[in-house]
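Labels A, B and C are assigned to the chains in the order they are written; within every chain, residues are numbered from 1.
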Amino acid sequence: MFNKKWTMLLLTLCLTLIAAGCGQNGNNGETAANSGTNESGSSKVTINFMHLWPEGVSAGQNKIVNQIIKDFQTENPNISIKQEVLDNEQYKNKLKVLSASNQLPDVGVTWAAGFMQPYVEGKLFTPVDDVLSGELNGKFVSGTTEAYAIDGKTYALPLEFNIAPVYYNKALFEKNNLEVPQTYEQFKTVVKTLSENGIAPIALGNKDRWTGSLWYMYLADRLAGQETLASAISGSASFMDEGLMKAAAEVQTLVDGNAFVKGFNGLSNEEAKSEFLNGKAAMYMMGTWELPNFTTNEDIPQEFRDSVGFFKFPTVDGGKGDINSWVGGPGVGLFVSESSEVKEEAKAFVEYFIVKWGEQSVTGAGVIPATKVDTAALELPQLYIDLFNEMNQASSITLFADVQMQASAAETHLNQIQALFGKASTPEKFSQEHDAAISKGN
Amino acid sequence: MDKVMSNKKVIALYVLPALLLILAVVYIPIVLTGYYGLNEWNGIGAMTFIGLDNYQALIKDETFWGSAWHSLLLALFSGVSLILYLMVAMVLASRIKAANLFRKIYLIPMLLSSVAIAQLWLKIYHPTNGILNSLLESFGVANPPAWLAEPSLVLFALFIPILWQYAGFYILIYYAALKNIPASLEEAAKIDGANALQIAWKIKLPLAMEVIKVTVVLAVVGSLKYFDLIYVMTNGGPNGASEVMASYMYSEAFKSYDFGYGSAIGFFLLVICLIATWIIRKLTVTKDTIQYS
Amino acid sequence: MMSETAGQLQGGMKGSGGGMAGKLGYVLLYTVLIAVAVLQLFPLVWLLFFSLKNNQEVFNLPPLSLPMNPHWENYGKVWSAGNIDVYFINSVWITVAATALTVVLGSLVTFAVTRMKWKGSSIVLGLFMVAMMIPVHSTLIPLFSLFNNAGLIDHPLSLILTYVAFNMPITIMILLGFYYALPREVEEAAIIDGCSVNRMFFRIVFPMTSSVLATTAIINMIYNWNEFIFVNTFISSDAYKTLTVGVQNFIGQYTTDWGAIGATLMISILPILITFLFLSDRIVEGIAAGSVKG
């Protein structure tokens, strides 16, 4: 059944593989060049596009993407777009593995600032300033493309723009005779009342860590002020600042006051969100990407969706923060690979994509784009309109800390957040670790 | 006999295909991992050779040793739980009706992917409406713990699903080993008046010894590099209380962009596995191998 | 939970001597065996219920309750999602090819190492064992660049070779224990009869190990069937992806459709469950039958 010939065949197979592997190891450049000539040799050009909107769950986004690709291909018959879809985590892993072999797709999705910095420093992304100053000039909400700029050059163009309000359950507030808090003192009273009445005040899934970071960021912003926080994160000032230390201490006071759902450090954001969605927790701080769940998502009872409101993180007495200062920022953006053989076509595609995405993403997928939206022309749920207005009034928007910082500092930040909330770290240690990690990166 | 059984051509034919394959697919990565460990490299740009710096940092890294301790604990628990699996297999391999069916049912959790197992146990451990805490509350336990959020409990809470997931795997192997023992041996012992326990201890256990040794190595090595459920269920948290070597390696290499350091952890993990295997083999060495006759 | 049952199992065995105590022991033993079986079946039932819920119900209802309106459409979503048939076929053939290759190549190595006499056999065995000790994530970047240089990226061969190589050590280890215990007389007789090594291996030894071969085959199949890290890393065309990718279709940027993931997992566990429950005995018989013919 299994004879000598077969075994010999296998042996040869293995040997060829190894020979092929060793033989070509030395001349990496040649292989890269080869794959290029195939494409540019013929008149038909293929752009490889890697993204993270699968058809199954991100149906809205996926539909828009496919529509854009279809239209683009019709307008540019010599170009075809080949998609690869991965989920968030697998996407990030693959991007990393591809980078190590310099095999990035022509166009792909990236996150801002700290996430993209190694790719930029490794010269894997190409600057897209020419695209930005072309048709797209003036189309972006101010402050969004800056998050993708390093040393004066922009390396990706944002698709999303989010801020993080505190959503609350109006019905629960009413039942407990609570008003929307205007000051932090009032907020603490709300927390106390809810907790005493047996309702979990805040849904928080801090297994994911960036969720807890949002709370810390707001406290830091309100207590120490936006500028202090920004300069501490950039490394030009210390986290040992009085206001920042107080913010860290305040986090632990909230934990002591049972402000967060039980077991929050072991819960994922999704699990925590469900506590809010099923009315067990009264408040939930999250980015505006959650808006579809509170407005259009049919899986969630109408009654609940109608009772969701939001408020701005309250100001603290004696704090330096402004109530119109937000934590948020652009989400994902599109990059063009430096080693792409079809850079010009890829840039044209990115430009086309950004424009079309901006026109359709709110209505088609509930995603707020980074390009300006004419809200008057669209029929939108009230919650969207209110938040669009807030965005326009924002005095400053501080980028999510874990996006802002370089990868290793971001990891330290996230770990320290979890430790701070879990009372395994102190405000002093929290600040020291931050300073150490940030100065190491710079 | 000897001449036939030491035919070089045949040996080469039998061993080389598999050997060349693992040399290419496993050893090239092993060697490269060792090499990356000697560099400062974020996985993207240029590498800088820094000699043993990463390894020196590793030796002083408390987080790493914490994670190594957690991995060792898991290895210990996995090793000990083998006794239980062996007993179950012995019961199944004795004259039990429908033993084959039982054996198959016992393997079912292993057929499930880790994604499913993790979701199941997240539902079991959920602090407020999880199966476990609902049960405890119905028995009158006030305020049962949030299993995955308590640094002192989380590791053991994770061990249970991990051990459970692999139970069927070892039962399957032991069952095959015990079924391989010729029935004539057992019959002969019965005629000599041996009881079930004596047969198990004096006949079955020694004959399955080689297999048992192998499973100890598999359990220990498998535990030392274990990753899946821990990563999905707690991500090493809270505060690193459930961090194991493989999850630490992953977060350094893929999350912190420190591929050099991550590789050093990976290589160190390999060395620890080697040492553990060497110790196991030293401890379990027997002079003569026993064969069925 | 487990240690308790173990104690009882032991009790059951002791009692198997005879008389009333024996009968009681048997009743107890079967009760325990069945109880454990129910526990082990529980995840399947749970998964079925899970697959019939929407996100709200997944998080709010008790895990072992069926929703008022079972969401059968979750299965519809999975089926209607593109390429599921392609993924399925890929999963089957890649799993089968990799498993068969691993078991056969692993048997050859184990035979050569345990039964034949040559210098360096223990070193070779050591090489295989060390290959088991590298964490998967350490190998991704080097393997990608290796396959990239060999032109095997986005080619199913990269998966098969990886699966065979990574499962080879564990396969050999399991086989090892069994080969050591094989009686030498069989080989001696075969050689006196003038049998060649090849003939002896394929006609006598290979079939004799049929039960352990089935065991390793099942283990290999489970691993290969559920593997997704290598698929995601090496494969980019839908034409070569496998079923595990289906799960990803329901993990979004900000939300995850758990019910649909449950349905995907349920669909993908069926083939392997059926193979295991109904075909594994046939495979053992098939291989064992080879020895009679030889």
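Just so we're on the same page, a residue touches a chain if its C-beta (ideal position, glycine included) is under 8 Å from a C-beta of that chain, and two chains touch if they have at least 3 such contacts.
Every value quoted in this text rests on a predicted model; they were computed, and no experiment measured them.
Chains that touch both chain A and chain C are the following: B. Ranked by distance of CA centroids from chain C, the top chain is A. In terms of C-beta pairs in contact, B-C outnumbers the other of B-C and A-B.
For this pair, chain A with chain B, the centres built from the Cα atoms lie 36 Å apart. Each chain gets one centre point, the mean of its Cα atoms, and the points for chain B and chain C are 15 Å apart.
Shared contact sites, meaning residues of chain C that touch two or more other chains, fall at 60, 105, 108, 141, 146, 161, 198.
In chain B, the residues touching two or more other chains are 13-14, 17, 21, 23-24, 28, 43, 254, 259. Residue positions of chain A with contacts to 2 or more other chains are 4, 7, 10, 17, 21, 93, 96, 100, 271. Listed in rising order, the residues of chain B touching chain C in the complex are 1-2, 4-8, 10-11, 13-15, 17-19, 21-30, 32-33, 36, 43, 81, 84, 87-88, 90-92, 94, 96, 100, 102, 104-117, 119-120, 123-124, 129-131, 134, 163-164, 167-169, 172-173, 176-177, 179-180, 195-197, 200, 207-208, 210-215, 217-218, 221, 224-225, 227, 245-246, 249-250, 253-254, 259, 262-263, 266-267, 269-270, 273-274, 277, 289-293. Of all the residues in chain C, the ones that touch chain B in their complex are 2-3, 6, 9-10, 12-14, 16-17, 29, 33, 36-37, 40-41, 43-44, 46-47, 50, 60, 62-64, 105-106, 108-109, 111-113, 115-118, 124, 127-139, 141-143, 146, 161-162, 164-166, 168-170, 172-174, 176-178, 180-185, 187-188, 191-192, 196-198, 201, 211-212, 214-215, 218-219, 222, 226, 244, 247, 258, 261-262, 265, 268-269, 272-273, 276-277, 280-281. Residues of chain B that touch chain A in their complex: 13-14, 16-17, 20-21, 23-24, 28, 42-46, 122, 125-128, 146-151, 154, 234-235, 237-240, 251, 254-259. Chain contact summary for the complex, chain A toward chain B: residues 4, 7-8, 10-11, 14-15, 17-18, 21, 92-93, 96, 99-100, 118-119, 121-124, 206-209, 261-268, 271, 275, 280, 406-408, 410-411, 415, 418-419, 422, 424-425.
Within the complex formed with chain A, the residues of chain C that make contact are 54-56, 58-60, 77-78, 81-82, 101, 104-105, 108, 140-141, 144-146, 148-153, 161, 198, 202, 228-229, 232-233, 236-237, 248-257, 260, 290.
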